[in-house]
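A, B, C and D label the chains in the order they appear, each numbered from 1.
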């Protein structure tokens, strides 16, 4: 199945809008972070936001089509992190991946390098977890510039019940069935981290 | 007395606008929280925001008509919490109920599980309380997924002088004579909680 | 000299815009705070924002003409605090007074009830103070519902070099030559308080 | 080479837009801070935002042409700090300089007067630094009203790898190849400072 230019542009428009939202929250300072959406599964194709742009100023064209290794299919310069987006999509079945640099995720990753434990919070339902009596861990993995290494760590550490991982000294990876669900998961995880940050 | 479609839409438009405001404050992350307005008293009928939507993107149609038990009258899928909205409206006589998930309310509910005491604050006048020499308690009740249980706790714990309750590990319920007054009560209670959060 | 309806409306439009700005910062939660501008000096006449309104939704008509005692000249319901606005204008010669309820001012008023001392800060130049080697005190006065008492306290405590006073448990009064200068003084004082709040 | 009015206006429009962005973040409270862009190198000419204005309300005309000493070339009143902007441009080769007053920079300058050390942070790549295993220092220099003194301190203290300096009790100077890159460097440095502020 071939991805058409129209499909890519459509995904680009959605990702641009989602990026602007996250940039407005201060979660994509500088040119940090990137978002992706799955366009096909066989072969795996994703639209990933282009590298080096201000994430509050993307247009529907600022998007690159990549394959399951995160390599550009039709030209353009994807972020090096496109490889990790593709791997998360393959591993989890998610159709959308959000990567943002939030202060709370990096601060909490430093305080709790072994994973951040949440319990008895209604907000956990927003990531499909029980609100009562159950410890839920948001995994924290060590950072790397090697996306293969980072992907292995993510695969080893992830908790299937939790659609997110903190990369220490780096930021958040969050995923969902759609860009909107990935947005909601991101907001919920960041809320949990901001709460945890008040508790010291 | 029958509620017309026009009345429901009108209430939906107001609730959508109020929700977008609260979402803009970061108090309805993910799809959390819900708002309601009383449409009639005999029988009790409320417009409640529909479940599962992004609270910054509601339209005037994203609202469900419910009865005094929080059950849908004309179809649609109300939040499970609609039952608690209806009970608050019946119990307090309030015409509007706001339920938001703020970080400050959950953080303070953890620090002060027996209730959060305020005193000597001009802002207390914003919820009808004296600004001087009087301790005012914002009750904190334990969370539950059973709305009957939660309603019983709210009824037992509420202070008639204070139009709000913190649900531990969950968020805030606030009410008022109108959506606008409920908004102002919510802003005042959240301000009090944010102040309390600085004091440690 | 008589104040015309046109002059009052013009002042109302400016005060509405300034109020919306401060409300957007979260400094006028609920219906708290009020702003004023001097329209004439002999006799003293001020435009003061009307009481009980949401400060983010004022129109140019939501303003009341008051005299030097804060009493309405042509009808309307001024805030009780209009009396203090008039007194500040008479006492300091300021043409605009801002009263906002910021969390930082109340938090710092509790920590430093004897006055908040600043030193060696470039930002002090924004309220006409030296940036080096000089302690500048932002006075803190006890709150009261009696505007005469509050005015006496403000008069006794104010430092002529500092166009602002913190009312403990209440908020900030700030003044300037014009609504724009009063805005800038307010922003500077709030910045100083937010800095102080990080230092514990 | 002569700078035309058109070139100055064009730069003024860009600087006005960048200023409004920073003002929206709360980094230019009162009338604080200023921005500049290099228009020519031989002789050195910069467009600098005019002094005394609200940085959220600049127009394309609110800009002054200055020479390598920060003196006005065609009239207008540049900020005294224009001299430091010119010196930073000459010293570093940067084409754009941002000076903002952020709470985090002043708070961290007080905590770490000898310089603020960062390590193992992906965000360091946003200012051209390694994300791993390398200590990167953001220099802190003492404040002065004498721009010659301040420039000497900046020249002596700056780390060539870091396009930014904290002026103690004052704020941030940040630079880049273009106004957009200077913006991104500013956002990255401020993010690093906000993270550091959570760590105590």
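Side notes on the structure shown:
In the analysis below, a residue touches a chain if its C-beta (ideal position, glycine included) is under 8 Å from a C-beta of that chain, and two chains touch if they have at least 3 such contacts.
Chains and their UniProt names: A, B, C, D = Methylthioribulose-1-phosphate dehydratase.
Computed from a prediction, not measured in an experiment: that's the story for all the values here.
Contacts with chain B and chain C are shared by no chain at all. Contact with chain B and chain D alike is made by A, C. Relative orientation of chain A with respect to chain D corresponds to a rotation of 90°, obtained by superposing CA atoms and rounded to a multiple of 5.
Comparing the residue numbers each copy contributes, chain C and chain D share less than half of them at their mutual interface.
One finds 32 Å separating the Cα centroids of chain A and chain B. Here the CA centre of chain A is 45 Å from the CA centre of chain C. Within chain C, no positions touching two or more other chains are listed.
Chains that are in contact with each other form these pairs: A-B, A-D, B-C, C-D. Chain D makes touch with chain A in their complex at residues 25, 120-123, 126, 131-132, 180, 183-185, 187-188, 190-191, 194-195, 198-199. Interface residues of chain B facing chain A in the complex, by the touch rule stated above, are 26, 29-32, 54, 101, 103, 106-107, 110, 143, 145, 167-171, 197.
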